[in-house]
């Protein structure tokens, strides 16, 4: 059992930036958004011919949009575990020599997104524990509603924690279980967990995939030749040439070993709460969740938005990249021409050095460039997928007006985000939800739009066509939380 | 006079990759393209209030698409020069402490794109020489047709070279000049240069901008408050809030010092040869060159392509990002719906580790994902801006067909590239130009397209509307080189 | 509570070397020796005016001879703990920015020596735990005889370990204690420990120093102005201008807080077992232990050796640096001239690259150079402090003979090491003790000496004059272990 | 031809230290000394069986005492040159991968010591030039008296310099020579050089060793099997098992190629000026120069000092390590007992972090520890090899008195250093020579000694017994410079 870690230089720069303006410095997809997401990946390679860590590495690159703060892979060769993790992007965390050390026919991997407060290597995943029941590696996407309570109980009884991860809470429950069999100890511990968890675990000879009873976060099963793979999103299968088999079901435990796949339901709980934001923003456009392609859902939301809105305009302009799919749908439905009125600079990372001299709206200026020749003298419908704090929207609209737009009508392809999320949200930002304390008109005014339009909740839900009937978690829009309200505290 | 340098860790990984498949691992905009480009930037800050290096840093980020191999800035504070350069992207080359050392009211900067053969720190720019005539810093975009000849002469006479840069050739000509005044020595040396050069130079108290007599490469002048800026493209002005003043004219020498701007023409040569590929691919869409916005030129090429073509299809799909503008134009003109049938993974850098196990078309697979739900059973018109080697096109078409496309018709928004470029091309790749040794039909067949279409040269030129009448260099399409043929050798 | 870590580049090279010949590549003082040692340091700064971490940094440099594998400091500012540790020497582990982050008026530090098997960052100290009873930082020198047994019990009850450190065993005992007060919980846990431990601990407002009942390892208390310091050896006081107050007594618990110093004995156990090897080899020559200066003890052992030996020779030559003090004593007593016949290369670190081509005895050759002009045709008495495996001795004697010595008589200023040590030894090396399976004659022959002489055990003990009467642990010489034999297993 | 470079992390820390008190932070042997030294090494391996770079690496480790600022090796495999150099010690500059890239049967290497002003990578050696006459690598120990004049001439004629190295001056002279043959061009250029140079050069197929006509710096020739080696000092031969053949003679050019060794004298100049400080301080004790072992010369100087002095004392204590040899000689001659009264901390490097809080004489305190038990109440004769600025001497004497010495009589085993050195000295320190502006009594008073004694110049010269009659350069003692006085300017 060997652990290694490294800090990429990216990380060091990142530290210097501080947290004050984190929203604007998050990497591409997650910018100015509200959730703490992660991506998990697992491989069980029945014929032992290929390297499980290499497949994980590729899978994590495909899942990179779910977390850019840290990355890790734990491999397993005949029960010999090797773990490497570090701060930064997958490509910078893993060097050739790291991959060489990650031998074995099984592996699990993780990419993590987080707020800066808890941004440190000890919070990188997977975590690896060496218990008397055997070695166990765990990687987890989600947020336990009762994580703090469980941690407190465990500490009262003498458990020592080395991270602030919910994943470590699960590890201690397993270590404390009276079950000697590590798989049974893991399943037993699930009964104590409340909230969102899509979990991939690895023992000496088994790969285990678990999804919480309400199925908050996606988790899928795939296969290539004799190799089983598990991933947060189906887009990770494509890259390694694997076929999508099916979603892991809410409340399901899948155990894969040399004897094949075994599945069971560990809970009698019913009723699902798939996070609707996966369709709006989190998931990658080429992923399918519950049978619905994400890009097409977004385009459909744009069409629906056009149907619900009544604005005359010359052009439909997306905020790149988050508004592109909806803008194309909007343009198609409304007949108003689509125009690339804003260019995104692909080379703007998160680590650039803030100059000492003041340049107004510098970050937005570096990243987004309105094209005057397209914008000038036009009535613009500006499309984005959501507004969280409103800061970026305000700066973009400002720059479009500077470029000569006659009117800017902001259209959002989801409803107003009024409530905090307890299943993946950084709750410290609750007060920052502009829609939680302002009317639509106030928001429109504060961001400088000539008018502001949101997609209705019914319209949004109608745009998503899953292959089975599903309940969604829409709590951030309507405050209707699918867990016991006593866990819904922001005090943690 | 202080020099420092650093290798970012990016660079180290990059080295490991070798050069065999460089085309496919180039960063975003330059991928699978044929030219060796660079970006230059210069600042003269008349009131001394802001940091010239900081403005250069921001300007270079905006010019990053012109070169991702190395970056450098040389600052000047009352004649005290400081130079920092390194391998990698601007953001990773410059750390806080580097910026702090780059004090001063003047600065020039450079980003470099190159082939792997000459990829080393000694080839990073700006270069800084300490001659008896005074200190001189030089940054250069272009390619001297007679660089090898000049270098040979200089070495015969005892000059020692430390790089393979044309810029160093210019430096030695200046050092050897009988002119004592360093500005005059520089102007004098220009008469010996044949080929493309957009040059920014800095002496103890002057910033100098020079464009070769034929104006192969763009170079623009801007201003913010009392600060003059010079940049390869106008997009770099916007980011620092500067206004575009005018293009530097072919054959013009601009000298900026405390007394203001002085301009002169140093040559009687007439007739311009602006590189048409700047509009097709090199320049950033939000830049204007000779009064023509680049994005709109590309969209117009797409429209013109639609007019010239006669194919029935269900959807128009761009290769992201290079084909998007033309595809939107094509769709608009043809009435065939535009569709985001291919997704680009923004997190795929150039340094990922190639797995030992073989995965077919892995790089394209990691970077470009066809969306089955959109592609399936469709007749697709696939749009890109150019084909150089054809390798990537073949892989993309393969993946689109895998995703279920009924037909794939490839449409290119420029003519076939049949001839090597001597003003920015890596000549070692001449034999790799698929169009130089194959008919259109053969190319179409080899890349697996059901049909292949190129924009006509006349159609291309018609799509570009400059504000003054200009001659273009179209040598890569028609072999009509605007310099003496004795320099057109590939032997170098 | 913040943790950071770093691997110095030293460490990376070191890893490459593998463990096969670790004995010969250990740093200066510890070379070819038999023990796993550590150094601890603690500061309580009553007036809050100076930085406790800086004093620790200087103290650890003075204690560096006790461990070169890893170093760490945990600081405490009003209960806010910061920990930084890394692989390598103190100077390379701590950079300016690390020191800046280690704010506070209290700190503890640690340097660690270890065998390569467990050489990893997770085994660096201090360790910092965040228990329900409060934060606790621990740094430990010694070896628990019942560490494995305690760990096993704790794991059976659900504790999860992250290192192979005895220190972590103590931490879990504290966390599991029914005592709520963390100091009492720590004292309570001491009763379960068997073996050697000199322990420095830090709570939110207290610095604690503990020495095991038999006092195997040294631990001293000092003071500078209003600042109390605790250190493994008195040499660490001098460097910060502190005065030695007294040794911490065996079985003593010292608690320092704003109210001053409190002392208690936590055990009724009697009889001490101070490790005699501290005088022979471990401790720094300028340290005093139990009132006896270490250098003078070594010189006296050399004198005594001269009294016990009967060899005629031309010169007395020490193996530098370990044999110098004894050789000077030997020469003084015997009247045979002392000569610097072997030079030590101070620039030979542990990380040099082994050439692919074979060079005989390369490491010894790089580090030790006989001076032919001194050695040639001489009868040499070669002095060293001990022989463990015999490999280095053999190589040195070989090189001295090569240099022309007529005879080489090896004289060792301690008795033969025949038995493993369980209180600091790497037991995996037991079979490597050349004296455990060979007679003196056989050893002499195998190392190529013309004769071999050891100091008698009585002679050794007579050379050490402590200020109070003390029992010594001489188990490695005579097998007389001062703990219950059931712990003396090599199976661990 | 490939160049690479790296900054070790050591270097980065070092830079932070600034130059203010450089004398005290130099590494072991060179501390508080006055000269800018270097070490050179060369290998010509006739049978091609071993790696020339590996032998160079080992040789440079043996020569490390001559320079710790930077290190470099240039290898040559059938005319293909590879160069790697970096800041820091040999061990940290060369990693495994660097060594792997340095293929070939020939190599030259260099270690450099320098003052901080010019401490940068561009001044590391060897330097490698690619001239029209062929590739040439150069490594140089010494100082050209007319370096500035030559450089000025060359710049006037258009040469561009990239370093402040005399070695680059030689390179430009070679490049400008009308001789086409590169060896002849090199020999021709020697006639223009005034001052000290021991030079190792490498062309495509030849290794060349050159010593200036007056033989200021040592240079020796050795052999192992069919491999010829050249080194600054003979100690470098021993480590690779090579035999010393002979010194390179003053004014000799040795050319080694497949046809064997050829020697010639290139100058008619007569009279040698071997630097006497090589025996006093620079060279390694196990080296022989002109047949005289360095350690024995130092011991003899100590004996001679005892003969010349008349002081009663209890013990003779050396400043470690520089005074040890002389102190042993002094004790032997005078009959006053030798005592290790000061211990040197081997772990004190040059990069430690200066604490913000003030600790008096911290650096000396960390590095040198008086042992009270030995010093107390004694009349001490303190021996060192030289005094340059006096700062360290003052601090050491202060600490010895603090430790209780009754009297401290400082005895120096060389005459007072009153004059600057132009063949290796950092002339900027001229004003720092305490003996250039103070009488012996004033010096003694200022360093706090009860008396101060220097060895006479005649006594010093008598102590050195070379195998041929030699003239020495004693200019630093008597101002008698062996070159034309017009070069003896400090203005450079």
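Every chain is named by a letter (A, B, C and D) in the order it is written, and numbering of its residues begins at 1.
We take it that contacts are C-beta pairs under 8 Å (C-beta built on N, C-alpha and C of every residue); 3 or more make two chains touch, one makes a residue touch a chain.
Here's who's who by UniProt: A, B, C, D = Amidophosphoribosyltransferase.
In this text the structure is predicted, and so the values were computed from the model without any measurement.
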Smallest number of contact steps required from chain B to reach chain C: 2
Chain C onto chain D, rotation angle from CA fit, given as a multiple of 5 degrees: 180
Contact-richer chain pair [A-B vs A-C]: A-B
Whole-Å gap between the CA centroids of chain A and chain B: 35
Between chain C and chain A, distance of the C-alpha-averaged centres to the nearest whole Å: 49
Sites on chain C at which at least two other chains make contact: none
Pairs of chains satisfying the touch condition: A-B, A-C, B-D, C-D
For the chain C and chain D complex, residues of the former touching the latter: 8-10, 13, 16, 27-29, 49-51, 54-55, 57-58, 61-62, 64-65, 68, 89-92, 94-96, 99, 235, 238-241, 284-286, 288, 293, 295-296, 321, 324-325, 328, 332, 337-340, 343, 345-349, 351-353, 355-357, 359-360, 362, 365-366, 369-374
Complex contacts: residues of chain B adjacent to chain D: 2-7, 120-122, 129-132, 152, 155-162, 171-172, 175-177
